[in-house]
């Protein structure tokens, strides 16, 4: 009997793993679609690198760091000091099926490994079109290899945030905000793309070169979220998984509709990019409590996330931060909203929970801001963060890769 | 024991739900690929809107309307008169797992909700490049919110067509023709795109701007049909689901080959668009009886569907109807063919069944034609259906959205 | 009890089937992305034809040929002489669920049918931009209809290679090399594209027209490999399937990183195409023994495969063979490497196994080289293999299909 339960659960988890893997194509499409053609190969290179190195790092370091046996001083996963030691990347007896009722050790590793790379992907969108490839790759190694798993260990690895009652079902904070905090630091240290703000500091739109691609990316991401949230149930429990898929989809739908309606009312325009980011905002917003909400709760969380997106994109612009894909509004701001929403809606709602959630947001935020700043500032002062002015103007594809993405098409250079 | 059966069934249904969701990207790709670049954002906007509003409407209205407890006068789902009342969108005790052996209440809602939006997507393709966005959105709300679930209730909700023995496994009639009937009304009321027919009434081809995208759309749709038909078994029963996938794939393959060969014989040309529409015709054709057919039956149904596509596309042209993507031939004509094929091939074949199928086609057809005409004619006479001539010539992207889809590429305007 | 086990296994196998189907879109994207825009429709036509005819042929001939009851002279599947007889394409009692513990007869057919078409797809990439469509289609029918299933029967159908202990888990040899051997014959008989080598015999790069598409293809192929290798377990056994997914993904990741690093060291360039082909090389390399390896083994196999790709692409160039997508390096050379790796790494490693693997490679290679040469040489001497010089220069889309793939875009002809 147990064998069949494990098999069914494991099948579900493996499919969810495949769907989360596929999100990396969605993120790539979104980032490329919303930027200029001259940086296409560079963006692809970053994203292909992220998934490859992310998996390898998670195998070598991250998995053990994120799910340690115990903590030193309650904060540092004990595996940390084994990092350069002789400890094996995988535990002995990995094929021991008594490991878990929901999935095997290998499924656990692969599902969590697919998550790990996501944090770097979020940063990738925000720093697009001006970051040095080598610097970005170095930062990815450090952030995905060390910061992401340590932050995750505090909740998902059974650390102090978990003990305090902090709740983050599938990672509004632990994945999306972790990426979002680094994104805001990186955008601040990099500065805006040439031409994003004019001499008076006014925003100049830099249109993405393929809106179709951005929309396809959002469809793929929504599909991937079936696995991202559905798999975070960590079993195929019918009630929990199916409710999670319903709340996830309804929040996506209402987030999109809200962003479309609000932006249409304010800007008198049917803005597809806003619609798409509203969907993503709804998805990020529901992620912290997708298993706790009723459908009505989910629709409300999505509607608010959609409104936040419209305000958030404009707010980031007003801060003179240049985030080409809206990653900060989507992943950081809606990630915070989703985490707090666990204290406002659903079966855990309450003032104590709300404060615990806020605490978790602040602690993870502080840790991410500090580490991201430490890494990025050091990189900036040593090998440099930003490509030369000429390279930025001509495009990173030509300089870093010596190739054009679309050699058969006649292009407008801008 | 029951728990494991339910879990396995539910896993299958959730995956099928994800695949049907993904079909919306397939439909978008197909429609965009077969039309001009100047309307890309508009088409994306329509399709993103359809999936979002479709899910929300199905949550608020459609699900209860389509699966009512009982009918008034045998035709009107009793929920209809609760629509503006106080009844909850979801039944009490939704998490009661005794609901069904095949899946949970939430899975049922989400799977059926993904179907609901499809009907509007079919219309979207037929009216592309000239319909007003606001008018299309209004029509979508009415058609997906009311017409689709009422028509569906007559068979899938246990209504009179079901009692008469009408058979429609996964929706050749209930989904594809329901969309197709509205498409033909809309195309008739809209009139052809400027330039589609010259002064003598001869057809002028308006080539799609990205055939690659159309082909990718068909691949995605075929993949999605694994869920569309496979999930319509409503359990993971190994024999029924696997036979369904086999008949579905063989009909797709033979539909494609037939359309390719027939069109090559007639037009002396390897016509990729015809090949692709043949695949879709085979898929729509097998949908009504995918669980009843042998592989040989499926191949024959597909071959006939492929031939119908070549004849159908030319027939629609001769009627001076302008259907940019061939939606009427694919979804309406092959939908009718598939529904009738249940009386000709497979385990239910027989004259009585054939007449019952024909009856069902006519009743659903009449209902859809009347309601679609009522809605679309009213919209035409009030807020208008069609964009201005200038807007159509310059493209809907510029006028309705103030954006270009491909700003970095140099384009031919036509 | 057995019922639930079968159901769960069957669900997994059906999902894997869907993922392998989707690989055909990945192969299409890769091939189109790495070639010129003027042959886009032609490439799509080939690939859509391959999946359609592949499934139909596998239904009519291949399935019975590949899994025969017995062999004549130990080599010829007994079904071979029934080919033009009266034997039914499908066995009686196909719905008899005692067929297998892992899946139904129909699932078996469809999963294996999706594999069958892959061999032809591999050839398609190597012969792109210059082969006659009719000739390619004829070759596909012969190779997929006869050669692939006979070669497969020797191992997977219980033939002599299986009895000798040859191991090929998911087809490094039986699928990838079978395609690769035909590719090298076809490339040799066709000759290089006009302009690939200059008068001095030096390589002239012919850049692909859409690198984004190539990258998307690789993401889709990686996703599909979850099904390709995961389904080759032939059940949902949790330990075996999840380990297989882990080894598959780690080999892909390390193959990509190795190809990127090696090519960066040699060519002082961040070469995305090499990175992508490294991922594919890692995937092909792990395929023969994905269920036998530890994660560390998988990483090592991938690293070596990545290095092989960089050397292999350059080696094929030096042989003056023109393989536009690198199919020979990826599928043939890494296919051989993966097959041999079963004798070097993992639980079957040993000198006897290594020689058995080498034997299998040589026997299958000889059979494929001979049959591919027989078919292709006959075609060359009768109806011809290669399009005219004018047709090649103007593009196959215009001549064979009378259409442009991207009529709204302004293009550079080259």
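As written, the chain order gives the labels A, B and C, with residue 1 at the start of each chain.
Criterion: a residue touches a chain if its C-beta (ideal position, glycine included) is under 8 Å from a C-beta of that chain, and two chains touch if they have at least 3 such contacts.
Note that the structure is a prediction, hence the values are computed from the model and not measured.
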Joint neighbours of subunit C and subunit A, given as chain labels: B
Subunit C against subunit B, contact positions shared by both copies (same if over half, else different): different
Euclidean distance of C-alpha centroids - subunit B vs subunit C, Å: 34
Residue numbers of subunit A (touch at least two other chains): 1, 4, 8, 11, 15, 406, 409-410
Residue ranges of subunit A touching subunit C (in the complex, touch as defined): 1, 3-4, 6-8, 10-11, 14-15, 17-18, 21-22, 24-25, 28-29, 32, 40-41, 44-45, 48-49, 51-53, 55-56, 59, 89-90, 95, 97, 103-107, 109-110, 113, 133, 213, 400-410
Subunit C to subunit A touching residues, read off their complex: 1, 4-5, 8-9, 11-12, 15, 19, 36-38, 207-212, 215-216, 218-220, 222-223, 226, 230, 236-239, 241-243, 245-246, 249-250, 252-254, 256-257, 260, 269-272, 275-276, 279, 295-296, 299, 406, 409-412, 414
